[in-house]
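Following are the structures in question.
After this come two complexes, each holding chain A, first together with chain B and then together with chain C.
Take a look at the complex of A and B:
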């Protein structure tokens, strides 16, 4: 088990290296000038050249990449061109907000999704299945940014129960675990939870139905096991795939959602990334994409390791 | 584009019919909360970023310039007035030397004194790269605003001498951009501009005492000791919240999270008005044009074609399209502007006259003119560029001009505009749709047309060059009497219009939506505004 985990972790290195090259180069190939964000539109060519030199953008791309990589290995992702603030600090601050949002959305999405999927799979073909499947279908089909806007209209504008935008801070910088903070979280978290809820419900439904149709379930029933005991076996057999799907969904959620965070002005990585895209803030874009991509890679490795712990056949393969 | 298109759902229309009372419930007494279009809190250290909005909210609130803008009237165009300098004059014998007399008794928020040493220290901050206080970020913002400044020195504690590279009567306009940070505060913050950012100190009517949260909010409080007693803020605090997404701004206003939003989307305006919110608009020095290429081979080199295009655009139709949130262009400057003058060419909608001009120029139904224009789908000051450009495209098609659009995002269009019409990035386009800040003589009239400012020296995108125009521009720079200078500027503008140098289309009206609780705001005909007289009912 440990050897397997170690081997999987080793695979991260070349992947991370590849990710760093791709995210660095792609952004340099993309049109636009990062200095446009900080220079007045009619800045002279001389001033532009000076600023280009100041930010090292006049050096050969390979040198820029190597210097960036070297600094990144030391945890320094440089300074944001648009704001002048350290990229690492900005990303970490935003990640905390995205993690909080993703955590709550995960809790809602996974719980509801598992429950709906399990019920639908268990009572396949019944009205329960049809109802649960419809909800799941709605979850994956409704554009979540649209849902977010509708929720804002109902709960913020119409009923005035919940705030429409913002990260829940009043300027004091604190995040007290009370209603004054949590009320900012409700609408974005609900909005964010619908897609994973739908995907997980659909996945678990088909897994449960598939496992239930297998011979060993009939054998267990023939052996005289109670339905509750049979269900335990069903869950265990369905778990590896379900965990894999959940892991991927968690990765997506933790990466922050550009659309949801923009609709709600939630100060997470998605909002940060969106701002960085519109200002062509290369260091911020490169840093954020690198961190999020690495996070995704690590999340996949963890899922693999957990899967192998649950299902030893994966290790053997 | 993606962000704009997918989020322009009917939120505004849906929220429009909802009662206002709910939105008002959450407003705090004496606190004005503004939803800005900026995506982050503008730079707080002195010379702000985020263009006009940065200067409006974080520049002229915390800081002052030597020369200010009179923002007290909604009906009269803004003019320059004394601010940190009480008077200035140019040396009669050497017109490159200016003397500025500084205001007595002005203190920075940290209590230190504003004097001539502080002025020179701040110029070094922007222009002298080997000075300890040189700040590349502020320099990037400020340096290009004062292209004429060659040197500066302390004459006495209350007098500064500024020398320009050549005689330049537009210097006071340039200096209206330059803001003064406290040298003592910079020392106290460990000589770190990063530290100053959270605890800045200027001389302005507002203070930033509690720092700010990036991308979330900044709270300004009144400077009760402000040197101009008539402009001590009446509010308890002014909260600035970045809300770059237009529908999020509308929702924040409707749900009572903010009291005021900048630039509501035109389609949200009727619903906001119906629900009792005030829409405040006014003319200001902004224009929305097609900047025409005058490179050899460009069809716009023919004045008949330029005039025809200007006569073919249905500006009133466009105004209806924008929910009346535009002023139809009558020239390069908005009608009523002091520099407007009396051009003889009237920008009427007259397709028949336009067709005749095109026929005279050799075009017709069987010989249509094909041209390419660079446009952006969105962008700061660009209003609603896609429908506006499509309307122009239709109008021009009626007079035998077929326009092909080269669409690029706003950031790329800025770069194309900087690079000039000859640059390969323009992809052979004959025009670029660009909106201009035209508040001072340089940005308003000089930079677009002076021969020497063709790329890469400046932003004369179309490589226009005309000796008569250059002579007029020289006269602008050497006419030191303000009233006489206005007369020269009028001549320049008349030539702009009479020669139809641009396709002149529209002026924005700087719309803001606000709760009726906001009292006392006077929207000046300026990119900047005064928040001092505002109270909350």
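Take a look at the complex of A and C:
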């Protein structure tokens, strides 16, 4: 078990290396000059060259990459071109906000999705199944930025119960465990939970149905187990796949959602990324994408390890 | 002195599957009795209703299946048992082994834990007592290094060993009746013989009543005291195994005996029964075997023959050997 975990963790290194190269190159391949955003259109060639040298953009690509990598390994992702603040600190702050939003959305989406999926799988073909499956289908089909706007119209504009945009106590950016902070979370978290809810409900529905169709379920009944005890076996059999799907969904959510964070002006990584794109903030973009990509890689490894702990057949190879 | 009542007593059993658009009558009026310590082989080809009859003893059918008739097992009326009482019967008084042990065991639980689970479901014992009992069972079914094998997952065992584990699990709570649904069909020929011998040995030692479903008349001859031959949901011939094999009276039984591979070794071709089993949702009005039968008479096509007793009981208007 530990050996397997260690082996999987070792695999992260080459992947992380590849990710860093892609992140770095992606933005150099993209058209447009990053300096154009901060320099006036009539800046002299001399000034442009000066700025280019300041950001190291005049050096060969390989050197630029190595220097960037070396600094990145020390936690220094450079200064934001737009704000002049350290990229690392900006990203970390935004990540905490994204995590909070994702955490709440996960809680709602996973529990609701698991419940719906289980009921649908157990009572396949009944009205319960049709209702649960319809909700799940709606969840994956409805565009969530649109749903977000609809929720804002209902609960903020019409009913005036919840704030439409912003985050933190009275929008100041601070965090607290009280209603003045949490009320900002409700609408974006609800909006965000809809897609994972649908995906997880559908996954678990088919998993449960698949397990129930297997011979051993009948064998369990034949040895006298009550339905509740049989259910335990069904859950244990469905769990490895369900967890890997949940892990990926959690990864998506933790990475922040550009659309939802933009609709609700939630100060997370998605919001940060969106601003960085519009201001052509090269170091900010590189840093954010790198950290989000690495985060995904690590998330995948964790899912693999947890999965192997639950399903004994996986460790065999 | 009165003879003790049979441990299994089935009267006029009919099972109808209602899934899908058509009703399928898989079992159609079956009477069966099995005494304590007796082994009955249910013989027939796929779709003859032998497995369905077997599963009826535990009411192990998909939801919506209609079961009619009387089923008495070890003094209990199976048709009238509530959910809890039925679950107590399953695995406690009557246990079952399956055709594919690899599919019949939960792949993500250790084999030992699955046996312990069964024991603790039916007996008020501690985990360690159940564990010790599981170890003794593994020794009984002669699994080598039983201690460590208990900790194996199903995918870590061979087919023969899995079937031994399955047998150990079935015997875990000292049942009076063992139901075996083609338990050796999925195994290699050599392993098959070992499992049959093991079953026969355990059956004798524990005085088990066994219902053994098989399509292989050779296997039936090795394990059974009595045999009931099924065709299209009915019993067409039943009696002592030696009588049925040496003096078959139903043309279908004769056909099964002729179709054995062992007999074909001398001659060039295997003798088979012409045609295919009938569609259970559209049975012919008379004897279901009539369209394939060489001795068919006019009445066979219109009237269903009753089971008549003789040296063996047979349901046929034109039986062989009177």
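We adopt the following convention: the second predicted complex is superposed on the first by the 312 of 317 C-alpha atoms of A that agree within 3 Å, B and C clash if a C-alpha of one lies under 4 Å from a C-alpha of the other, contacts with A are read in each partner's own complex, and residues count from 1 in each chain.
By our rule, a residue touches a chain if its C-beta (ideal position, glycine included) is under 8 Å from a C-beta of that chain, and two chains touch if they have at least 3 such contacts.
Bear in mind the structure is a predicted one, so any value in this text is a computation, not a measurement.
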Chain A as common anchor, with chain B and chain C clashing or fitting: fit
Chain B versus chain C as contact partner of A:165, first or second or both or neither: first
Which of chain B and chain C A:47 touches, first, second, both or neither: first
Touched partner set for A:83, first chain B, second chain C, both or neither: first
First, second, both or neither for A:225, with chain B first and chain C second: second
Partner chain in contact with A:141 - chain B first, chain C second, else both or neither: neither
Chain B versus chain C as contact partner of A:274, first or second or both or neither: first
Touching partner for A:259 - first (chain B), second (chain C), both, neither: first
If touched residues of chain A are counted for chain B and for chain C, the larger one: B
Touched partner set for A:39, first chain B, second chain C, both or neither: first
Minimum C-alpha separation between chain B and chain C after superposing on chain A, in Å: 46
Residues of chain B touching chain A in the complex: 3, 6-7, 9, 11, 14-15, 18, 22-23, 25-26, 39-40, 43, 49, 51, 136-137, 140-141, 143-145, 147, 193-194, 210, 213-217, 219, 239, 241-245, 247-248, 251-252, 254-257, 408-409, 411-412, 414-415, 417-418, 443, 447, 455-459
Complex contacts: residues of chain C adjacent to chain A: 58, 60, 83-84, 87-92, 95-96, 98, 100, 103-109, 117-118, 121-122, 153, 155, 169-170
Interface residues, chain A side, partner chain C - complex: 214-216, 218-226, 229, 233, 236-237, 240, 310-313, 316
Chain B contact footprint on chain A (complex, rising order): 31-33, 36-45, 47-48, 51, 54, 82-85, 90, 93, 143, 145-146, 149, 152-153, 156-158, 160, 163-167, 169, 171, 173, 259, 262-265, 267, 271-272, 274-275, 278-280
